[in-house]
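One chain, chain A, appears in both complexes that follow, with chain B as partner in the first and chain C in the second.
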Partner chain A sequence: MTTVVTLFGVALVVFVVIRLAPGDPIAMMLPPGADAEDMARLRAAYGLDRSVPEQFLIWLGGVVRGDFGTSISLRQDVGALVLDRLPATLELALLALAIAVAIGTTLAVIGTLRRQRPAESAVDLWNGMTLSIPDFLWGLIFILLFGVVVPLFPVSGRISPALDPDYATGFLLVESLLRLDLRVTGDLLHHMALPALALALPLSAVIAQVLKQSLKEVMHLDYVTLARAKGYSEIAVLFREALRNAVLPTLTLVGVQFTFLIGGTVIVEKLFSYGGLGNLAIDAVINRDLPLIQGIVLLFAVLFIATNLIVDLAYAALNPRLRHG
Partner chain B sequence: MSALLRIEGLNVSVGRGGPRLLRDVSLSVAAGETHGLVGESGAGKSMIGKAIAGVLPRGIAVRSGRILFDGQDLTALPRRARRRLVGERIAIIPQDPLTALNPCRRIGGQITDRLVHILGWDAGRARARAAELLDEVAIREPGRVMQAYPHEVSGGMRQRVLIAAAFAAEPALIIADEPTTALDVTVQRQVLRLIGELQARHGTALLFVTHDMGVVAKLCRSLSVLYAGKVVDQGPAARIFGPDPHPYARALIAATPRYDRPEESLMPVPEAVIAALDAEVAAADRDWTDG
Partner chain C sequence: MVRLWLAGGWLALLLVAAVFAPWIAPQDPLAQDLFLERLPPVWAEGHEPGYYLGTDSLGRDVLSRLIHGARIALIVAILAGGAAALIGSVLGLLAGYMGGWTDRVIGRVIDVWMSFPPVLFAILLVAVLGTGLHSVIIAIAVIDWTRFARVIRAETLAQSRMDYVASAVVIGRSRLGILATEVVPNVLPTILVLLSLEMGIAVIVEAILSFVNLSISSDDPTWGGMIAEGRTQIHFAPWVLVAPMVALFFTVLAFSQFGEGLKDRIDPVLR
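Our next item is the complex of A and B:
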């Protein structure tokens, strides 16, 4: 129920705001010199001559029936367009999340085991740096370093055109792995590496800092001391006793940060010409493609809500005190 | 009689040259014997246990002295060897059963940990042993309790679980760090009796840390009285609880609640006694230089 209300709110705000923003989708469509009559005709064809509340109700009626309207600039069904691009963005975001968790956890563990030694200061310094540089700037840095100066990685697209496989789903990475089509997997990862890393770095710093703090607190608790007295080494104590308890406070934060990461895909995908939702969103905004913007924003809202739901479920799964509640 | 544990001139301090938490502590515990460590809060009782187990908090370290366990000096052993020796032969019964169990792990695993990971038993045998131990500490449904998480059982039951875990690997020495302080009075007596029974049955030496002179009188053959990290009196319980105790021990005994004679109990320690002890500690500090 809350979900429906949230989505309705998002839809309403976006619908109104993009109509208040300057720029006219019809003017963008027609060649310069089109006369007022042509514009009025086209406006009527897209229903843009009606009042905003009226337009909203018409659009909402469609959405309820699963019809998200037709893109003005691409002249295609918005629902199909958006769902077509979703897998690319999901795969990129999840890969970035996996990288962020791997880097963040490693740094947190190193910082905890070597606390109050130079290694911890190095970890803190690195975290401060990665956190203060935003994802799109990392993207630009990577393009310059690994795309131009030392061209190790492709800096554009999702897959090499020659390899583009004819798969049943848009989840190329997952499907190529399932089909053991490792040449495609490799090529996809090669393309995704830089954008995913750019998205992952700021999140990895957040994870590293919060998890390290939380681990340090847990490492002082009685049951951890008792585990040390049982003869475990410091590393074993950390992984067996402390990590799971320390992950809990981090998890909530990772959920919130992951929604930022999904937001970050918009610019990063554009930078790397990666064919996902974010790239589509920017084009839609540039073209004042109102129905497409609405569809994309609504989908992002669904993704955010789904993320929070998954975080809550994971939290309950990891914390026995929350079960059978 | 050779001692199982002998501590000689142990000094523990915060950082190098920082305040001393233990001042030239010496004591010995024979195999199968119970030695009491008594003193007020902050006297350093628990610190001795932590120093033996090698789990002193960060920044606090042994500066000098030896901790001889079964003839080996623990402070001189390499870290790994020490950890192994402590894991195999020394166990701790912690003070607070509510914080000493990992909230995210089932109870069974926390009992069998040491058996499986340090002694290398197979899981089935370790589980059978854990069930047996839970039975020994009078837990009725061992199978169910082993599957439970700590928050699902009572405080008294958690302390029994910790006692079972401590005895699991048949250690030669158990350090009981105020094991009853966090429990209510009715449960305290059961837990004490339980520790006493298990100790007698398994022939374990016990270093019993407490501030409760009443408990010491019941359990311990010998004891050390600590003040500000210094042993101010030491000897057989018969002498210390006898007609002519050390003034501080006498004061501690007088400070113990007595339900039968309330007007004579809960006496504060006389200031003259404190002053004499402080002078003694100050004199010890003058002679000591941080090596």
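Our next item is the complex of A and C:
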């Protein structure tokens, strides 16, 4: 119920805000010198001649039935356009999440095993730096370092045009893996590496910090001492006992932070000319394509809310205190 | 302690550069000269005297644009950060102290606000408000007040359960009086720490908006605009990209380290 209220609020805010926009999308569509009658006809065709509350209700009625309207600048169905770009953004965001979890966990484990040694200070210093530098700057740094100084990675696009496959779904990475089309997989990963890493670094620092803190607390508890007394090595204790119990606070935080990461895809996709939702969104705003902007922002809101829901469910599944309840 | 001084030093340097930009900058930041295009920095072969960090593809002096860009960055940081802090803190204080339906309404608005991807929201707002520095500042304040509101609400909630607030109620002080003279001074340090972080965010958002060409006109020297120009020249004149990137990097790092350093100094538990 709260979710529905939030979504309705998002839809309303977006709708009202973009209708305050100066600039007439219809005037931008027609060649200069089009007569007033043509403009009126086109405006009626897009429903822009009605009052704003009326437009909102018509649009909302359509959304409930799965009809998001027609893009003004691209003249295609908004639902289809957005769903066409969604897989690219989802794959990028999830790859970034996986990288962030891998780096963050590794750093937290190193910091915990090497407590009060130079390695821990190094981990803290690195975290402090990665945390304060946003994805946009990391993207630029990587473009410069690995695109120009040592050109190891491509710095624009999702896939080499020559390899662009004719797949059934837009989830190219997943589908190429399932089809064992490894050349395509490799090329996709090659293109995604830098933008995904740029998105992942700030999140990895958050994970490392919080997980390290909770590991530190857990490593002093009785059951960990017991495991040590039984003769388990420090590494075994950490992986078999401590990690499982320290992961909960991190999980909640990762949920919130992952929504920031999804938001970050907008500018990182632009930076790397990656053909996802973010790039589509920026073009839509610049073209004042009202139906398209509405559709994209609503989809982002759904992604944000879905993420929080998944985290809540995962938390309940992992927390023994909430189980069997 | 060290990082507080380092960060503060960089920010002070930036402030001096911003205030005295017209006197410090060696060249006119807008002057184009096609005979001087893509000059390398002073330590490289083929440089011209007076153009210390080289020139861009229109022959404009990179260092002078960088110095004038600091002006725009700091104006946005101070005004947008300040406005976001003011709106967010007032709403956070009200929600945390009044409770009840005030808290519920403000909490719901925060939830809706945070369901927008911030960068997309900023681009949308600037498109609506029209490009220009004032739009950038309004957009940042309108989006980022939630960062203050959420934290200050929680902090106020904790403070208003403290004994000193209860004693003030007992001696018959008014609710607003208690909020202003007892609670506000105790959440002020948190507001200052958040403000420092927010100023760093504002600088980045301004750079992003001018990168997608939605800030002030693309002729005016902004770090984001320089980055956008540098991104296209990356293979011919990498210094055009490197200079504003380095400035942005240190400025963002300085604001966040200044905030962290402040937190360590202010928080009695950590001291």
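We adopt the following convention: the second predicted complex is superposed on the first by the 302 of 325 C-alpha atoms of A that agree within 3 Å, B and C clash if a C-alpha of one lies under 4 Å from a C-alpha of the other, contacts with A are read in each partner's own complex, and residues count from 1 in each chain.
One rule holds in what follows: contacts are C-beta pairs under 8 Å (C-beta built on N, C-alpha and C of every residue); 3 or more make two chains touch, one makes a residue touch a chain.
Values in this document were obtained by computation on a predicted structure and should not be read as measured data.
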Could you tell me whether chain B and chain C fit or clash when both sit on chain A in the superposition?
fit
Of the two partner chains, chain B (first) and chain C (second), which one does A:318 touch, if any: first, second, both, or neither?
first
Touching A:133, do we find chain B (first), chain C (second), both, or neither?
second
First (chain B), second (chain C), both or neither touched by A:228
first
First (chain B), second (chain C), both or neither: which does A:254 touch?
neither
Where does A:244 make contact in the superposed view: on chain B (first), on chain C (second), on both, or on neither?
first
Between chain B (first) and chain C (second), which, if any, makes contact with A:288: first, second, both or neither?
second
Of chain C and chain B, partner touching more chain A residues:
C
Between chain B and chain C, as viewed from the CA centre of chain A after superposition, lies an angle in degrees, nearest 10, of 90
Touching A:280, do we find chain B (first), chain C (second), both, or neither?
neither
Minimum CA distance, chain B versus chain C, superposed model, integer angstrom?
20
Taking the stated contact definition, name every residue in chain A that is touched by chain B in one complex and by chain C in the other, in rising order.
none
In their complex, what parts of chain C are in touch with chain A?
108-109, 111-112, 114-121, 123-125, 127-128, 130, 200-201, 204, 207-208, 211-212, 214, 227, 231, 234-235, 238, 241-242, 245, 248-249, 252-253, 256-257, 260
Contacts from chain A onto chain C in the complex sit at residues 2, 5-7, 9-10, 13-14, 17-18, 20-22, 128-129, 131-134, 136-137, 140-141, 143-144, 147-148, 259-260, 262-264, 266-267, 270-271, 278, 281-282, 285-286, 288, 293, 296-297, 300-301, 304-305
So in the complex, the part of chain A that touches chain B is made up of which residues?
115-116, 220-223, 225-233, 236, 241, 244-245, 318-321
Would you tell me which residues of chain B are touching chain A in their complex?
50, 53-55, 57-58, 80, 83-84, 86-88, 90-92, 94-96, 99-105, 110, 113-114, 117-118, 149, 151
